[in-house]
């Protein structure tokens, strides 16, 4: 499938301007995107930094986003307030609005708001991020919180990127959070609720226990990610790297995602859980893939 | 029974103007209505699109609403924001305000708000839709949420269409969600609470286990739907197609509904879960029925 | 020049939906417009109705708008509240938001607000009208009042039609209110300030006393109206009939306006200051002109 | 004098991010700026477009800003709403917040607000512009209006560019609006009141009638513009082209301004009051000058 | 590690001004800090005062803060209202905004707000304090309450000191509240969420039952506190004394903390749970340590 240009995505002036800056004035500048997420310190705690202690320093990471030619960096409000000024405008900012620690149970997960769209405006951000726990038993609370964010984003012309994560006790019984079923449903939910971009994990069509009939058959990984792009439709799809795993497997998923029509990749731990020069080499390989999919 | 004209329904100026546009400037333009609902991607997930993958694309569906001569299309905010512009004004818009995924249990179902009446105004919609889960144990929360919507709809002269769905653990023990008892009660509830239109499933008078005595007798399908129209009274009745079933059975229900005095039909999956030309042929047969019931 | 289609005018979803209803679901339904303004009772007083006393009755006029196949009727809040319900939805409503009597001097004219955009929404209107007195010494007050209306119109997706009238003591010294200079400047001002449609009087290039050099030369009427359409650009131009004058002269101006790329005509006194059947005959001739300029 | 880098200007994060985008991601991308102002249609009327009728079309001008490699385009809200979408993000937007027609007297000039900072945010603008009539007898009203804009700009991290124009009856008696005295005072006033950038006309040290003693001596043009940059200090200075005059004289002023430490140039009529290819050639010469002053 | 100066911490003007007063105009006046917390009367009840009954009198303690040359005193609103006036300005005030009794269970602890940032402004405070219970199952509620405080602190330029306390049933199963894992995660959470200073207990790397793998190894106390300073990064670290224990052990922890790059110490019970002269002697020994770490 081929991706649609920005002008075909039903965007308001402000959202189009900001997405143009992200997609054409930064990174590969060809309409694809490579995002650097850095909220793992909150979501998982500092344990994620033991593999490369330098990565504990937010300044190191923001600089890496500049040096690596990322399209944007996604961080929480505390780091944005104290670390973005140094490089303001050198790499676009995605203010991640909600987030939580992993310490309590997430059977009924909701990710609490830590900042608002107005703060993203104040800091000169070009997008905001929201984690929606698709399928959580606390769905009503999550949708209500999300709705307020969506309206503010619409009001301010601020692109809204939804981290669409299947989560909670009900998902566990229906194939789990990385099943093709769950990822596909999550992408569609974000699209129905107005995401401008949707971040998903790469779908795993082999996880079939408990999934609805249409998903309980043989589907290739490529077919699965194709379907997810289709479900997201005018909400641009971002595929996340997740935990660090083997490079070749990650790069193959990246290729399949772009082939499917995804807009880009959002890779954190796979990038910065290694020494600096190695990080840049890996980023270089991701950028080589993106370079083949201009739009 | 014969339907009443708009001027006899106790409507404010704005509601009358908008309903006139839906009922007389679109579709059969004879006071009847054929609506295309398209929020199944959220309510059921993308599994509903496997029968006709083209239907996964909201643009395909909005265009189908135009081509098929529907009176309106009902969609969630995300799709309205990104897909309605292309055809704005070519087919009236019903903004569906609430909706949820089917992943968590709906024993105590409430459908959370994803948008407000003000957004419907902003998008040029001619009506809003709200799913009321009649009989849910979470009735207080549902009614409270509904009440705010009704007040806003009244304030802005925006017609309010209630998806009146019997649902929740208590309904299961009293004949189930499609019993004559449950559908009739749902229609009346919507009418008592101020719906301008009520969407119900076709009542099934054979489901009698656990229903109150008056419903626990022999009632023909026609008698049942007659009663439901009467219960809705000045709230115009829309009968929904629900899951795709045999065409002739669907068309017979459509005829019986219109004969009973319903204002129209709301058919989604029965329309778009088939190939494009077939969809239009089926729509043509529905329109033939509506043509016989001008008001 | 050829007019641009709605999709090329930089409109939001709501404005596009409402303008589509006005331009394609009413009147000639070919993208042109014939509007019936009826606020002369406030602006000039009942003296305007002596020529045809029936026209004093707002119901007579709203019905005339329906019978004559107008694209919309423009009235003040009082008449909208009491007379539009009868025909709600049968002809689109333009709520004229400001207006004044002609009794005091208009050397420093400002037209006070009598209603707001929210009331237009409530009544199901498809556009609002605002009189901007371009060049008035009270410019600051007028612009401030206008700004609030424009923002509300933008917020609600309500098309904003600006009656762009050169007025005030300074205009008198620069060619007067119907000079090519003044009308051209008025059209441009409305466009710079965000009008979706601009209503102007037909420009008179022979009025040259005191006008700036570029206007102080030989310009044909056609050249002048061409320039005015260009100055309005994506703000669609409506040419008004003004006082009743000879039919053939009026029709010639109508033809020249449409030839220049205007979107339509707004004729009040020329229509209803005559007996009913005559009114309809004159309207028929206007519609014949519009039929030649589909877009 | 040498200009200071952005990090030395006392900017908040949002202002720094947005100014970085203007100064380093657009135009010469070396910290200098070439801005295209296009509000003359409102300020002077369409008479300014007779020299090159194509320039009457805002789309032509926005495209020219892209083609010419400008750092930003400055327009009023109406044009921003309807014309910026097409090129959103391809050239930064400066929303000019106030403006007026030249029709009434400007002896006590105040430029009324036509839009607010929030609208600039919504449209994805990277700066706002405000015309401050330094020295106007209506100073209190102007300062009050300006103060509200400044606070909003601070709140949203939006750079504020002040068009610092000496104006009004009192200025006329003290050397006139282009005297070294008046321009120098205007630059300082904008700086004292919080402008992030100040737009002035090139100071004319030969206009000495009625100016205070220190200005009533022999000052070279270079000395004058040096002083003005010093008066503006951390408010970056933009020198405007004003009315179209001879190219070589304009280019010399541009060189002197940059030599003085100005940040850039803002040229409208000198650019677009000529045929397209000629416009680009002239812009090329301006860019050659800017290329020599990186910071 | 060496601490960074105030100018390198990404602070707004107001926060920098107030922190400069705390760090350079009070206490050792060398950029380090010694804070006196005095909210134990609320948190633990008067039982904490039995060791030195004089300490029950807030006036005694505020005077002690002055005499002992503390950088600030942290108290609840009631004591601030009644006791700070006497010494206002003689020692900086930290208004502790939330707090609770220890009587109910704190399995799902949240510390309720007792005052707001505006009251801190009114009282002339130079910082506010907030207790965040990192890992509590009531995380959503705590984050929401904290978020409002953070925004107010940002708005008013008021430094925000977070008491980052691991707490709640989930923490108990993962090494407990003083484990290296829990303290490190708490420091990072405060940093991600925008604390200007973070108060933690000294981490205990020997508490390893149930902690994630990276923490389940041999770590020296110095290594642990080094890591915690790194996790806090631009949020200055304060190490608290906690319960009174042996002086030499406390002083050793103080030395290790400062060696790690902490900004200072916050010692309450260890100071005032002894006779007055002894208190001052102990404070003197703490100040000797701080004197060795100017920045």
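The letters A, B, C, D and E name the chains in turn, as written, and every chain counts its residues from 1.
Basically, a contact is a pair of C-beta atoms (placed from the backbone, for glycine too) under 8 Å apart; a residue touches a chain by one contact, two chains touch by 3 or more.
Source: prediction; values computed, not measured.
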With a step meaning a move to a chain it touches, how many steps does the shortest path from chain A to chain D take?
1
If you fit chain A onto chain E using only Cα atoms, how far does it have to rotate, to the nearest 5°?
70
State the chain with the largest centre-to-centre distance from chain C, centres being mean CA positions.
E
Based on the averaged CA atom positions, which chain is farthest from chain D?
B
Geometric centre: closest chain by C-alpha means
A
In angstrom, rounded to a whole number, how far apart do the mean CA points of chain D and chain E lie?
49
Distance-wise, how many Å sit between the C-alpha centres of chain B and chain D, to the nearest whole number?
56
Between chain C and chain D, what is the separation of their C-alpha centroids in Å?
35
With chain centres taken as the means of their Cα atoms, state the distance from chain B to chain C in Å.
39
Counting only residues that touch at least 2 other chains, which ones in chain A make the list?
12, 81, 85
Using the touch definition up top, name the residues of chain C that touch chain D in the complex.
9-11, 134-137, 139-140, 143-144, 147, 150-151, 154, 166, 168, 170-171, 174, 181, 184-185, 188-195, 212-215, 227, 230-231, 233-235
The residues of chain D that touch chain A in their complex are 12-21, 24-25, 80-81, 84-85, 88-90, 93, 118, 121-124, 155-157
Would you tell me which residues of chain D are touching chain C in their complex?
39, 41-42, 45-47, 50, 53, 56-58, 76-79, 81-83, 85-86, 99-101, 103-105, 110, 112-116, 119
